[in-house]
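Next come the structures, one after another.
After this come two complexes, each holding chain A, first together with chain B and then together with chain C.
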Partner chain A sequence: MTNNRRLIVGFATLAVIAAIWYVMTEATGWISPGRFPTPLDTWDALSQVTFGEYANGALYEHAFHSVKLVLLGFMVAAGIGVPLGLLMGWNSKAEALINPIFLLIRPIPPLAWIPLAILWLGLGDAAKVMVIWFAAFVPSVVNSYTGVKAIDPAVIEAVRMLGTPRWRFIREVMIPAALPMIFTGLRLSLQASWTTLVAAELVGALYGLGRVLNVAQQDIYPGMILVGMISVAILGWATTMILGQVEQRSLRWMQVRG
Partner chain B sequence: MASIEFSSVGKVFNRAGIDFVTLDGVDLSVAEKEFVAIVGPSGCGKTTCLRMAAGFEFPTLGTVKVNYRDVTAPGPDRAVVFQQFALFPWKTVAQNIELGLRNKGVPKVERQERVKNAIALMSLQGYESAYPHQLSGGMQQRVAIARAYVLEPEVLLMDEPFGALDAQTRVSMQEELVRLARVNPRTVLFITHAVEEAVYLADRVAIMTKRPGRIKEIIDIKSVRLAEKWDEHERIEDVMDLESFVHLRTHIWRSLREEKGSQVH
Partner chain C sequence: MSLAMQTKINLSEMSADRAQPQRSAVTPPIRLTRSERMRLGTIGLIGFIGIWSLLSLTGLVPRQFLPAPHEVLIRFIELLGTPFAGATLVEHLASSFMRFAYGFLLAAMIGIPLGLLMGWYRWLDDVITPIFDMLRFIAPIAWVPFAALWFGTGIGGPIMIIFAGAFPPCLINAYRGARFVNRNVIEAAQMLGTSNLRIVTEVLLPASIPSIVAGLRVSAGLAWQSLIGAELIVASAGVGFMMVQAQAGVATATVMTCMLAIGLVGLLIDVALRQIETAIRRRHGQS
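For the complex of A and B:
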């Protein structure tokens, strides 16, 4: 299918879903507005939080706050996780040293760190960054490690045969070879960051989209809940898109056909 | 003058606590600018011989010397052409060929000149900025051979370099390699299980026994090739039709079959 047709089909699907939504709620009342908002309720909630305030702030403030925490946690996790994974893949001593710690921490679900994080760091941003870090760290490490381990042994032998110095091997062979897996890890890390952020903000926060969701639930305000959910979805999609663009640029050689 | 010298080389591999004697007293020397092919039944340790000359593995007994020095590590003086090419997929053809020269610290202008020559030598003009995955298997192996040749290594080690290619590509690569050996002769150790390939390419063919491998017999091809003027024939099939070629091939086949026949299954 061409891109154009894909787009048309995509919009058609959305239009059908919107129509069903309208019929089920506004038109017939089959779904009670207390359970799921009508399109109009949702619109009202959106304009309220966009032009006014809800849960201590306007929508853009909540969104900005959430994005800031996600990026902070994600970047700290990736910034430590990717080099650590590469090191573990490359150096068997580092692997032997770090792997046991890792195996110990890995089975703990990231969300289980939330109580401890709040206890240590309070309800502020630091606790959330810490929890995101725990969630995003694991996929970055594991995939970078696997990427290095999966390098063709013959390629390593070719590198040695050509007399390649260590730093050049790291820069020009190890990292490019592991890069597709590194990006797989980063994508999983980013997803984990969003999941964890929303969960952490639900538990306790002063700002953020998770806070909006939490307050809206307490206010029994389905329209606002939906606005919060859609906002998270759009932001998650947008950050993943940006990462995808970076990936495509970095792996340009893979796209060249002919 | 011997470029590569195996003296009483033994190699024992340990797999899951059990020792496997792979090589048992291999003696073989390759003279400077000589092309020696090793043939032998699979599992006889012929690739292990090459890997020891390359410095990827080391003998349990005996010595492997290249230019009178014990082999202690891999290096660009012993360029290897691998069966599975082992190119860098994220580097262009020119970058793949250039890496070894950069590692040696060859100045940029000279580097470009030598890469250009290697590309011309392997008929890769026009593909300088292509990536390996855009090329056919035969072309990829040309790049790998160019990457080895550009270093002007003292010895070239080729480990079943045409084993992964289809029959037609294989034949044209064999013709190419013969042409190359005339234009730019090198000391070559060539591993293969294809008898015709060995007879066509090599100055001498070493036949190995089944495991534990030893050199069973060394057949001189060069004197026959010169006496019978094989080089006057351009095409491989014309050479393969010559009585002298058929005779050598059959001799090696028989010798190998004896080994396979006595193999315990």
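For the complex of A and C:
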């Protein structure tokens, strides 16, 4: 009942917004088409970039390029960050050794690495992957670390009393217990990856959705700007959904046991 | 998104309470004393700076692209007084900080009241939430082209980007704070004939303050980061602009100086807000 209500009001709101958009731009022209596109402009821009080319490629090529970079940076970051976080949570020597370096680098926002990445690696893909890696790395490490730290000491005591070998402890106690936090970290990482990618591509790129946004801005082409923004939002949403699915599957055992 | 942001726990906070007598279970029994901890930490830092220096000084990485740590420090001190890209580092930082403050305050001033009202009026919640859910997947940085188009690249554009970054946590935390106020308190207020407006300002607002302040901290971090992004792309002053200029001139030491300065200011903002958070929590009797 309440869910239905929310859904109805939600759709009604979106419909009203669409109507307002139409009235303000197309029908009355209160908002000049040079500032915000009319629905028709947006449609034109969408068909232009879908069936034709804009900023060196079609929409699917730009989207594919952006997704590729995000996934590459994200996966490498998670692949290194999660084990490192687990290690730091588990072994206090490693923690004491690495934590200060982390504290030194962490306050620098990932976006601030973009100029350095361009200096080192140029405007190509490598620089973007480096920056995305950096953005995604920190949340992966911090949350995995927190996940291990939060394991109930009683559980660890019990495991010790039963004489469980170390690798079994890692596989059957530590990782499952830390998994919810690990996924929280991965979600944050993924978000940060997208933000960073868009920023890096806006600063300079040859392909990608950020490039579309950049060219559209220079051309003062509001329809294309909107298409670019919506594409980024949809892709960000889709990748987050996929990660959510993976999370649900991995955490199914928790739900079963209540 | 809200939950995720709040769970982003700081490493330094975690290291504050490190009572772990039982942690030696399956792991070898390591119980580090304070001095051992310090020693290992120092080794880590020295190792980090040592490798950096080694790479740079031996020329394994060209000096132009990786200046040694001390060169960055010297450049930092130099830039405090010498102008680069039209202003000294301090002036650039000041101009960045001003934009940050405007955008952040604007986000707080709109986001917090709106969040509280959404927590009280169901219809407002139903209307705003779908819009908000639609917009939140747009990264703040993706607003750059429209921001430049609508407000120019001077001060208005970057402020809009900062606003886009800082707004969601303000709204979400005020909303959550208002939603989780003890029903009994609200019912008591209603029974006494309190008006809707007074319930929002005198019941919901005070009760949500811890949540709001926590949101402000997240919000400030995102705002600062969005500002840097905005300044890299569209700006004619500020520390992000300075970085882009330095990058164009292959002045790596200057780029690193800016990164250092950005990190420092970000850290100061976070520390200041954390102080406020602790003070408020203490006053409200919550730990």
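To be clear about the criterion, the second predicted complex is superposed on the first by the 245 of 258 C-alpha atoms of A that agree within 3 Å, B and C clash if a C-alpha of one lies under 4 Å from a C-alpha of the other, contacts with A are read in each partner's own complex, and residues count from 1 in each chain.
Everything below uses one rule, namely that a contact is a pair of C-beta atoms (placed from the backbone, for glycine too) under 8 Å apart; a residue touches a chain by one contact, two chains touch by 3 or more.
All values reported here derive from a predicted model rather than from experimental measurement.
Asks: Just to be sure I read the superposition right, which of the two partners does A:160 touch: chain B = first, chain C = second, or both, or neither?
Replies: Both: A:160 reaches chain B and chain C.
Asks: If we overlay the two complexes on their shared chain A, which of chain B and chain C does A:182 touch? Say first, second, both or neither.
Replies: neither
Asks: Of the two partner chains, chain B (first) and chain C (second), which one does A:253 touch, if any: first, second, both, or neither?
Replies: A:253 sits against chain B, while chain C stays out of touch.
Asks: Once the shared chain is lined up, is A:86 touching chain B (first), chain C (second), both, or neither of them?
Replies: The answer is neither, since A:86 touches no partner chain.
Asks: In the overlay, answer first, second, both or neither for which of chain B and chain C A:233 touches.
Replies: In the superposed model, A:233 contacts chain C only, not chain B.
Asks: With the two complexes superposed on chain A, say which partner A:111 touches: chain B (first), chain C (second), both, or neither.
Replies: So A:111 only meets chain C here.
Asks: On chain A, which partner touches more residues: chain B or chain C?
Replies: Answer, by number of touched residues of chain A: C.
Asks: Let me check the overlay on chain A: which residues of chain A are in contact with chain B and also with chain C?
Replies: After superposing on chain A, chain A residues 154, 157, 160, 164 contact both chain B and chain C.
Asks: Across the complex, what residues on chain C touch chain A?
Replies: Chain C residues touching chain A: 1, 3-5, 7-12, 14-15, 18, 20-23, 25-27, 30-32, 36-37, 40-45, 48, 65, 123, 126-127, 129-131, 134, 137-146, 148-150, 224-226, 228-229, 232-233, 240, 243-244, 246-247, 250, 252, 255-256, 258-260, 262-264, 266-267, 270.
Asks: Spell out the residues on chain B that touch chain A in their complex, using ranges where they run on.
Replies: 54-56, 73-76, 78-80, 82, 84, 86-91, 99-100, 102-104, 130-131, 133-134, 147, 151
Asks: Which chain A residues qualify as touching chain C in the complex?
Replies: For this pair, the touching residues of chain A are 5-6, 9-11, 13-14, 17, 34-36, 90-93, 95-116, 118-120, 139, 142-143, 145-146, 149, 153-154, 156-157, 159-160, 164, 166, 169, 181, 184, 187-188, 191, 194-195, 198-199, 202-203, 213-214, 216-217, 220, 222, 225, 228-229, 232-234, 236-237, 240.
Asks: Show me the residue ranges of chain A that touch chain B in the complex, using the header's touch definition.
Replies: Touching chain B: residues 152, 154-155, 157-158, 160-165, 168, 172-173, 176-177, 179, 253-254, 256-258 of chain A.
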